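In order of appearance the chains are A, B and C, and numbering begins at 1 in each one.
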Amino acid sequence: MNNHTLGEKAFRKVLTDVSRSIYVEKWEISNENLELGHDWQITKRRLSGGLSDGVDVIDVNNGAFSYTLVPTRGMGIWKGSYKGTYIGWNSPVNDLVHPKFINLEAHEGLGWLDGFNEWVVRCGLGNFGGPGRDVIIDNNGNQKEIMLTLHGKIANIPASQVEAKVDLKEPFGLTVNGVVYERSMFGSNLKLKTSTSTTLGSNTVRIVDEITNLRAASDEMQILYHCNYGPPFLTEGSRLIAPIMEVAPNNQRSAEGVKEYDIFGPPQDGFVEQVYFIRLVGDTNGWTTAMLTNKDETQAVSVSFSLRQLPYFTLWKNTNIPEEGYVVGLEPGTGYPNPKAYERQMNRVPTLKPKETYRTELVLSVHLGKDEIQEMKEKIAKIQGKIKPKINQTPLR
Amino acid sequence: MNNHTLGEKAFRKVLTDVSRSIYVEKWEISNENLELGHDWQITKRRLSGGLSDGVDVIDVNNGAFSYTLVPTRGMGIWKGSYKGTYIGWNSPVNDLVHPKFINLEAHEGLGWLDGFNEWVVRCGLGNFGGPGRDVIIDNNGNQKEIMLTLHGKIANIPASQVEAKVDLKEPFGLTVNGVVYERSMFGSNLKLKTSTSTTLGSNTVRIVDEITNLRAASDEMQILYHCNYGPPFLTEGSRLIAPIMEVAPNNQRSAEGVKEYDIFGPPQDGFVEQVYFIRLVGDTNGWTTAMLTNKDETQAVSVSFSLRQLPYFTLWKNTNIPEEGYVVGLEPGTGYPNPKAYERQMNRVPTLKPKETYRTELVLSVHLGKDEIQEMKEKIAKIQGKIKPKINQTPLR
Amino acid sequence: MNNHTLGEKAFRKVLTDVSRSIYVEKWEISNENLELGHDWQITKRRLSGGLSDGVDVIDVNNGAFSYTLVPTRGMGIWKGSYKGTYIGWNSPVNDLVHPKFINLEAHEGLGWLDGFNEWVVRCGLGNFGGPGRDVIIDNNGNQKEIMLTLHGKIANIPASQVEAKVDLKEPFGLTVNGVVYERSMFGSNLKLKTSTSTTLGSNTVRIVDEITNLRAASDEMQILYHCNYGPPFLTEGSRLIAPIMEVAPNNQRSAEGVKEYDIFGPPQDGFVEQVYFIRLVGDTNGWTTAMLTNKDETQAVSVSFSLRQLPYFTLWKNTNIPEEGYVVGLEPGTGYPNPKAYERQMNRVPTLKPKETYRTELVLSVHLGKDEIQEMKEKIAKIQGKIKPKINQTPLR
C-alpha cells in the first residue's frame, strides 16, 4: 500500500498500517475533493462510548449504494442502504461491539453472539461453525484438546492495515483494502487480505479475499460468509431463488420445514431456527447466484460466487419476531457450519500448503423492480438448466 | 434524552448516546454556569493509563455530598464523600478497572473480583451470586449447560446512553441518567434504565432503576445492590440497625458468628467472611431501612428501599485487616447471592414477561451526629414495632 | 515519584500515575533539551490501530543502545538495537498486542501465546510455566480448583505508574521506572516495582525488580525472565557459554538433543522445541552469566544475574524456520517453567511473608567483536573453575 499517491490512475490513502505506525482517526474524501461527476464519499471515523468505544468504521457511498465497513471487526460490513432501502437486519445487539468486550470463550464458546449484528460477517479462519472440541498440536509437539468457539475469531480481530482507494478512470471504483492477521506463536498464522469495492452508482459490492497460510507447515483454513437480511427483502412470502443441486436439513427441527425450505414466513413468536445445507449448480465457470426476493418480486438481494472457491451454501432461517432478529442468512462457505471436527471428517476443511493462498470472491447485489428481478430469475434458471433438485427430507447421516 | 435543552425547567446534557454517535469526553457544569445559589458541580472525564484506561467517570457534587458515577462500569458508584467523610471502602483493587481488563470467566467464574472496589455495584442482570452451572436454551432450542459467573455481567458493561440533568427549580436535583444493555443474539436482552440523583446540600443519593425485558419471550432477571462500607462507618463496635423479621447464616462459618451478626469487630487478620440472609420488616408501604452506625452513634449510613421490589437483604461481614478489605456489605436484592440455580429452586428469581419492567428504588443516606442517628433509630424501631426477630442458629436447608 | 523535579541531580518526568490521574500520551526528551554531551533520547508514544491499539511504548536510546519498553504489557522490553544490530526475535506475532485482545484462558490456558513477541517478557507473578490445575482459597475460605494459564498474567497487565528519569551526573543513567499490580479482591496482591536503566553509550540494560506481597497473609510468587534472541546472535553453530553445574532435558524430545544442548542448529522445518533445565555455577557473590554467541564469536549477548535471586535457568531452543520463530530463550527464574503445582512439590515456589519484598536484578549486555567476547568467555570460565558439569541424559524424575 502506498500513502497518498496517485499511481496507476488511482487515489490511495493509507488509514492504518500498524507496522509503519500509521493511523488516521478521522478522514473524509468526496466528490468535493475529487470530481468524478457523481455524488460519492468515503468517510473514516472512530466510534466512542458504550460497547462501540474504539470501533473504527468506514462509510462508503457510491451515490446510490452506501455501506459501513468495520476494520475493527475483521473488515465485516455492518449495514448498507441502496436508494434508500435498508440492507442488513435488526439484531437484538443494536450497536457495533468492540472485540475488547467480547469473550469468545464465554457461555461454552458462544460469546461470538454478543457482537453479532452485521450484514456480512466472516466466520473463520481457523474454524467456523458451532463450538466443539478439537485437537491441536501444542509447542511440545503433543496433541492437546481445546474448545473451538462459535464461528471462530476473524470477526473479532482488528485489521492491521486499511487503505482507501479511488479509481480515477471509469467505472470509478471505490475500494477499501484491509489486512487482518489471525495468528499466534505455535498456532495458525493466517493472513486475510481483503478488498471491498463498488463503482459509482452501482447496485453491487464486490468482496475479494485472499487467505494465505504464512506458516512453514501446512494448515487448515475455513471461511464462511454469513450474509444476513431482514426486511424489506425478508417478509412473509419471500423466497430463495437459486440453482439447486441438493438440499438437506441440518437436524430434525429443520426437517419439519424442508418442504418449504425456500419460502419464508412472517415473524413468528418462538420460531426456532431452521438451517439447510445446500449444493448449488454452477455455470460453466463454476459461478452461481442465490437470490432472496420479497413476495411481489419488487425488492431482492443476491449473492454471487464461485463454487470452486465456496462450494457449500447454507441457508439460515430465523423468522422469529423482530425483537429476536427476523433474519435470513445466505452463507457461502468452504463447508457447512458444523463443528470443525465433523467437517474435517466430511472432507470439507481445506488445507493450505505453506504460503499457499485461498482466493474467494463474493458479489453482493440489490435488485429493485420487477424487471431487474425477472432478469435475475432467468439467469438463475439458465444455470439450473435441466438439473432436477434433490430434496432430502431428513438430515444426511 | 434531549441534547442540551431546557425543557421542563431542567438543563440537560447528553454525554453519551451510541446510537446517535454522541460522546463527550470532557465536560463540566457548575454554579458558575448555572447559578442555583449553592456550590455544586458535575464533571465528566475519561481516565487514562493503567487498568483504568478508557474508564468514563462523572463526579457529582451537591455542595455537601460528592460521589463518582462510573458509566463504563454499568453506572455503579465508585466512592463518595459527605462533608469530608469518606464513603465506600478500600479494596485491594485500588483503581477503577476497565471491563476490557476483566475476564469474568477467569478462575472458574471469579474474574469479577479483579475489578471489585465500588461503594455501590449492581450484581445481575442475568444472574448474580456465586458462580455455578446453569442451563440455557441455545439457538437450536436445545438445552445447553453453561457457567454463570460471579455476580453477573452488568457491572462490566459500559452504558450506551448517559445524560446529566440539573433541575432549575427547588430542590434543585442533580441527576445522571444512564442506559445499559445486557444482551446477546439468542440470549437475554435486558435493559437497565437508571437514574442517580441528589439535591443541593442533601445527605442522600437516590437510585431509580427500571429493568426491562426487551425479548419477545419471558425471561428471568436478578438484581442485587452490593453497597459496601469501610471506615469510619465500619469500626470496632459498629452495628447494623434494621427492622429484622428473620436472620439465617449462609453456612457453618457464618453460623459461628450468628449471635453477634449485627455487631462488627475490629480488623482481624485472616477473618473469613460471614454472610447473613435477612428478611426485614417493612412499613405500611413496604419500605424499610437498614443502618450501619459506628459505636458512638455519631457516624452512620443507611439504605432504604421497598421490600416489594427488593424483598431479600444480605449482610456481608468481611472484617479482615485493612489491606484485605475491611468492609461490610448491605445488599438488598431480588434474592440471596447463592448460585442462580439454587435461587430458582427457592422461587427467588423473578421472571419478566415480554416488555415488562421491574422497578427498584434505593435511597442511600449519610447521617452525622447523635441527633440524626437517634432519629433514624426511632424510625427503624417504629417499623420493627412488636415483631420479634427470629434468629436461625444454622443455615436454612 | 515526583513530577518534573530536579531533585538528587536527576531529571524526572511522571508519564503515568493512575491514582493521581496523571497520564502523558506523547512526550520526548533528548540531548536537545538536556545537554549531556552525547546523542540520547527518550520518547513516549501510544500506538493506534490493529491489535496494537492503545499500547503505550517508551523508546530509550543511549546513543549506542536503543530499546522499546512496553508499559501496557507489564513493562516488558519489545526489542532493541545495539550499534545497528537487532536484538530480539521475529515472532509470527509481529506487532505488539494490547492485553484487551488477549484471553489468557483461551485454548485451555494458552492464550498468552497470541501476544508473545518480546525480547524480554516477564512470566509470573502468581504463576508461570505451562497451564495446569491448581487449588486456591476462595472467599469462603474453601479450596477451589482453578486453571493457571501459561506464564501467568503480569505481561498482560498495564503499569499503574511510569516515570522516566535522567541522571544529571556521570555516567548519565537513563531509567524508566514502573509499577504493575497483579491483584484481586480475595486473591493475590503482588506489586512489581521495576526499574530499567542504561547509561550513555553503554552496551548494557539493567533491570531491577522488587516484588512485594501486599497481602496481610503469606503468599506465593514466581518470576521468570523470558529473554529471547534470534539472528544475528542465533545462527547455525551459535553456542551457549555458561558456567554449568547440571543440565537436564525437560522431556524425551529434549533428551534426544541433550548431547548438543549448548549448540544451536540452522533453522529446521518442523523443529519441535527442546528445553533444558540448568543449574549454573555462581561466583563468590552468587552472580553468574550466560552468553549466547554466534559461531565466529563476533556477536554475542549475555544475561547476568544472582543465583540467590534467580537460582534456576532454563534454555529454550526453538530453532524452527524463521516464519515459525527461529529463537532461543535464556530464562533465569525462581523455578523452571513446569506447571506451578509441580514446581511447588519440588520446593521451587518462593513464599513471601506479608509486606515482604523479593528483589531480582538482571543485566542484559551485547558484545561485539572477538575481543569483547573472549573477555566474557574468560569471565565465565573463571566462574566455572574446576567444577565439572553434570549432564543428565534423561529428564529428572
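Methods note: a contact is a pair of C-beta atoms (placed from the backbone, for glycine too) under 8 Å apart; a residue touches a chain by one contact, two chains touch by 3 or more.
This structure is a prediction, so every number in the text was calculated from the model and none was measured.
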- prompt: How much rotation, in degrees rounded to the nearest 5, is required to superimpose subunit A onto subunit C on the basis of Cα coordinates?
  reply: 120
Query: Same or different: do the copies subunit B and subunit C touch each other through matching residue numbers, with over half of them shared?
result: different
- request: List the centre-to-centre spacing of subunit B and subunit C in whole Å, with centres computed as mean CA coordinates.
  value: 42
Residues of subunit B whose C-beta touches two or more other chains: 54, 100, 103, 105
Field: subunit A residues touching subunit C - in the complex, by the definition given at the top
entry: 16-19, 21-23, 25, 54, 56, 99-100, 103-105, 136, 138-141, 144-147, 157-162, 181, 183-187, 189, 214-217
Task: Flag every residue of subunit C that touches subunit A in the complex, lowest number first.
output: 47-54, 91-95, 100-101, 103, 105-108, 110, 113-114, 116-117, 251, 253, 269-270, 272-273, 320-321, 323-325
